[in-house]
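Look at the two complexes coming up: chain A is in both, with chain B in one and chain C in the other.
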Partner chain A sequence: MNIAIAALGFGIVTAAILSLGAVGFTLQYGVTNVLNLAIAGVMSGAEYVSLEINRHGANIWLTIAVGAVFGAVASYALNRFIYMPFIRRGVRAFAMVIISLAVWTIIQYVVLAIVGPGYSSLRVPVTHTYSLGAIRITGTQISVVLIAIVALLALEATLRFTLFGKAIRATATNAPLARASGVNVGRVIDLTWLISGVFSGIAGVVIAITVSSFSYSTAGDFLVPLIAAAILGGVGRPLGAMVGALIVGVVSEVGAALTNPSYKNVIAFAMLGIVLVVRPSGLFPERVQRKDVVL
Partner chain B sequence: MKRIICGSRPRLLVAGGVISALLIGQGLSNIGVSASGASGSSGSLVIANIQPFSGPDAAFGPEQQAGCLTAIGKINGAGGVLGKKLSCQVVDTKGDPVDAIPAVDKAIATTSNLVGAIGPSSDEASAVVPILNTDRIPMFANTGQKEFDKSSYKYFYRILAADDSGGYAFAVWCKQAGYTRVAAVFGNTVSSQANVPTLIAGLKHYHIRLVVNQSIAQDQSSYQTEVTQLLAAKPQVIVSEADPQSEATYLANVKQLNNGTVLPFVGPIPASQPDWTAAISGAIGSADYAAKYRSVHPYSATSGAAFSVYQATLLKQSIPKPKQWLNDPYAQAPYDAVTIMALAMLDAHSTKPSIYNADIVKVTNPGSGKVVVHTFAQGKSALAAGHQIQYSGVFADVVFNKYHNSTSGFAVTKVGPNKTEVSVGFVSSANIASASSGG
Partner chain C sequence: MNVVIFYVTLILVYFAVDAMACAGLSLEFGVTGVVNFAYIVFQAAGAYTAAVLTLGPASPSGFQQYIGGAHWPFPLPLIAAAVVGALLSLVVAVLGVRRLRTDYLAIVLLVAALIATTVATNQDGLVGGAAGLALVPHPLVALFGNNAAGLSYNVFFAGFSLLLCALCFLIVHRVTDSPFGRRLRALRENEAAAMAQGFSPFRLQASVLMMGGAMAGLSGGVLVEYVTAWAPSGWLYPETFVLFTALIVGGLGNNWGALVGALVVPTGIGEGIQYLPHFGSPTFTVSVQWIVIGLLPLLFLWFRPQGLIPERHRRFAPAGEKKGRQLVQGWLRPRTSSTQIGELSTSKDARP
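Our next item is the complex of A and B:
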């Protein structure tokens, strides 16, 4: 029983990591309808840019901030210079998935060509380990959970209580109507890519911290659970992505505790399948079904 | 929302974009590996280096390539084989049979002068060995899988230890080090799991208790649940094999949950192997890595006539940090493999694989009246003088059994100052035979 309780705590840490990427992914998808698999490339790029800063003596907070800025810039550039030309030519949503897959492949191999196949580690200060009953958690992990909570609450507050948030929600719900109502849809989309990039960048650095040693392919290892969390929560719903990440994280850790650890992912994805059978659009489905990418 | 109906032009644009992207990706992949010196040149006799150069086991390729390039450097320097130069060609399997099969098929179909192969590794051997055998390409595999212990493949050779002997070697070292409570933590891949059955049998033979046996999903963000279970079982040592990232995360979690103390751990990767060292020491610190990790890996030479030549030639190679491969058995083995294939071609007076294949055992196994040679140049001279030869290479004597397997002992090492391999013990083939007798 103790191990299951401990796993619950570890699952929350895993969920915090996944939720950062999943929220960025789902927010951007909700507004633009572009299923951006290249988010793993942005995360990977953020890892290595942060590594350089970290090697030059930057503390971990500055390292995370640089990762976030890189993620924002890379994500914005990705949309402006790669996706947008395709969208302007009328490329449909499915084709955009394939294009984003190709972009991810390119980024992955560019990173490989630059950094090589080896492993790197961020310099992270050794922190105290705290015990809460059966749950043991380090200061670093508490920081990761807090980063996720603060970032997600800030996003949720922005979406709910600001004019800009209202514009994002309007664009996500019905872009032509939002445009007709005076919303600058183009600007909303640009800012959405920037915000999504911030989350992706932070996620990349947090993954690098958590796994201890990372390579060019590490971020890609998290793409599937990250998307699973977004789908579970209802694609396009940041809060849903957070809940989805919590379920994937906790179920995989508790599953590892109660069964063979090699079935960790199997159990998490079986849970995803079961939930989707009951609620095909996820736990928090979008109210409006859209068919095409938004320009 | 602006909707534009897709016409033929946009479709072409998408198709073109995707194809270009994938081609560029592939091209960049090749750039990545050419940094480690990969090349094949037209007109030369090609040795295919069939290994993962990308993916989780991307570290396999460069170390084998270092050995291959060093061997051809020496062979070409001595005039080549029957007037022809040799080259090493990278065939990236990505560590996955799904990628390996088309990559190998393509290499065979497009390389008319393909005369031999080093590899495949355990990741793709089950799928690739039958292909190479059918196409009559002699291969010196670095797979350790048990299924090749009694292989009927005529073109298959292995001079590195089989994985099942690796499992016994771990058990012998645990016995020699005085451990009585052992934890086994292995990745849930074919190559990692290959060691487990014989480790268990070996531990049983020595009455050492296996307190926990974990098969872990690789590349997770955390292994805290698994580590909590492991620590509850109170092992004295962890015997493990997984990819460097997973090992690093796991051991960092051990340190975190064990009040800052890393348990001693044993694995098959040489202690100074660059990617492994970077990953693990980055996760737990260099001091803990040096103090707690013991590598039990196939014996590799650090001295001797053949080693001196290997050392001198390797250090001249235009590959990144050649010194890192000096004591690496997975670089030394392909050096010997390529040299053996070249000598077999000379012995057979043919570069045709189906003809010189029969001469591989002839130039390696001992026999009365044979001249022992340590280099390609010595072998070439002896053969030219009409002698039969026995190649005794950098990787020690090679004596193939009827299944084309040749196994030496295991070195036990730790990382020393300046990231060198420091010997701390030895597991002989007699030790392994003893451990396996009860298993």
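Our next item is the complex of A and C:
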């Protein structure tokens, strides 16, 4: 039982990482309807950019900021130079899955070709370990959780209380209607990719901080749990993705602790499979019908 | 000289296996439009079935542990491999295809492939764990004086696998040329219209998945009987992506395209990459291989969506007029208005 409680701590940290990625994924998927598997590529890129920055002596906060900027630029470029041209050429919506899988494959192996198969790790200052019953959590892990919470609250506030947030929600709900009402849908989509990129960039750096060492394929290991979290919470709903991430993170860590550690991913995968088959619209379904790829 | 013939037979067997797999996937994806991202799992299931049914029961003290071992005579393990592939596809069809939208189905199948690999790797007693199965006896080797390494046996095996490959293509050809094949294409082009004609998308998709799954299983069985070993590292999910690339390169929805795709992508690039000069890190060559395989679908969808060999438009000309020779522009990237794309991406939602 102690193991399960100890795993709860890991689960919350995993959930924090997943929620950052899942929120970026779900926001962008909800607005543009492009299933972007290459988000793992953006995360992977952010990991190695942060590694390079970290080597030159930048502190953790600067590293995260640079990772976020890198993610935003990469994600915007991905849409502007690859996805958007294909959508304009009339590629069928689900064929975008193949395109994003191709892009992810390319990024993953370009990274492998550059950095090689080895593992690297960030130099993170050693922090105090706090104990709460059987749960042990380091100062770094606590800051990761705090970063996730602050970032998500900031996004939620933006979506809820600003005019721009309103425009994003309007586009996600009904793009043609939003356009007809004077929303600049093209700009909303660009900004959505930027925001999604900021979140995936932060997620990448946070992965690099949290895991003891990472390789070219580490970000890919987070992809399926991340999508599971996003779909569990209902596509296009950042708060839902947060809850989804909490469920996926905690259940997979605790489940793995109780059964077999190598089944951590299987539990996350199985949850995604079951959710998709039993309740395809997620725990908190969208109020609107699915729509077309948004141009 | 013998070495050359040996190498040629090896490549022919690999090509036959890839082509069989491409034939099945072409039926599922190229003709019907089902995005089966777990296709390689059916090949793996066929391979494990054939291996286990040839190896005989696992001895408790043996170095490999698996379930369901038996000593079945030659053609039975291969037939069983095809049957297992088909039955597994039926399960996928019932659980997934019936309920899910295309992009969600793609994710679920991708996830299923990941689960299958993880379970096969970590359950030691199931199919040999991470090390997999080895020392699978060659079929019919007794006819060649037990000399499986001999040239004549390899020539025989290459011929045998090419024969099976031809059989698969014959079946696919008969299917796609029949009224049934027309229904499949109708389903691919416009599901709602096909339903309005009274066809059940589920039935069509399920039967196509079973045929494709059987071919995948058979290809796995043939491969494992030739290479005599099979392990989870041989069927990671990107291998399915290789086959999708093959179809997009060769040309979707036509059988010659699938054949050419199998020749160019898995066989051509897989073998050709070994002739690249080695430099940089030890993983450089494999990186280049995957980057090329990732770039090909992008380049083809952009510059030549119809693939190397375009699908022919089937047209029923009125009497006296010449029969249609029009070529389809590649259905994955049709020049349609966005509303039609929207219909396609949301058609599953329209169902009650």
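The working rule: the second predicted complex is superposed on the first by the 282 of 295 C-alpha atoms of A that agree within 3 Å, B and C clash if a C-alpha of one lies under 4 Å from a C-alpha of the other, contacts with A are read in each partner's own complex, and residues count from 1 in each chain.
The rule is short, and it goes like this: contacts are C-beta pairs under 8 Å (C-beta built on N, C-alpha and C of every residue); 3 or more make two chains touch, one makes a residue touch a chain.
Keep in mind that what you see is a predicted model, and the values were worked out from it rather than measured.
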Clash or fit, chain B versus chain C on superposed chain A: clash
Touched partner set for A:V277, first chain B, second chain C, both or neither: second
Contacts of A:L35 with chain B and chain C, given as first, second, both or neither: second
Touched partner set for A:S131, first chain B, second chain C, both or neither: neither
Chain B versus chain C as contact partner of A:I227, first or second or both or neither: second
Which superposed partner A:V13 touches (first chain B, second chain C, both, neither): first
Dominant contact partner of chain A by residue count, chain C or chain B: B
First, second, both or neither for A:V97, with chain B first and chain C second: second
Touching partner for A:S215 - first (chain B), second (chain C), both, neither: first
First (chain B), second (chain C), both or neither touched by A:N265: both
Superposition clash, chain C versus chain B, among 44-52, 98-106, 278-286 or 314-322: 278-286
Residues on chain A lying within both footprints (that of chain B and that of chain C): 86, 89-92, 95, 98-99, 102-103, 105-106, 108-110, 112-113, 116-117, 260, 262-263, 265, 290, 292, 295
Chain A-touching residues of chain C, taken from the complex the two chains share: 35, 95-96, 99-104, 106-108, 110-112, 114-115, 118-119, 121-122, 238, 241, 244-245, 248, 280-284, 286-288, 290-291, 293-295, 297-298, 301-302, 331-336, 338-339, 341-342, 344-346, 349
Residue numbers on chain B that touch chain A, as the complex places them: 1-7, 9-11, 13-14, 17-18, 21-22, 24-26, 28-29, 31-32, 35, 53-56, 58-59, 62, 188, 214-217, 219-226, 228-229, 232, 244-245, 248-249, 251-252, 256-257, 259-260, 274-275, 278-280, 282-284
Of all residues in chain A, those that touch chain B in their complex: 3, 6-7, 10, 13-14, 17-18, 86, 89-92, 95, 98-99, 102-103, 105-106, 108-110, 112-113, 116-121, 126, 129, 136, 138, 174-176, 207, 210-215, 217-218, 221-222, 253-254, 256-257, 260-265, 290, 292, 294-295
In the complex with chain C, residue positions of chain A that touch it: 33, 35, 82, 85-86, 89-99, 101-106, 108-110, 112-113, 116-117, 224, 227, 231, 260, 262-263, 265-266, 269-270, 272-273, 276-277, 280, 289-293, 295
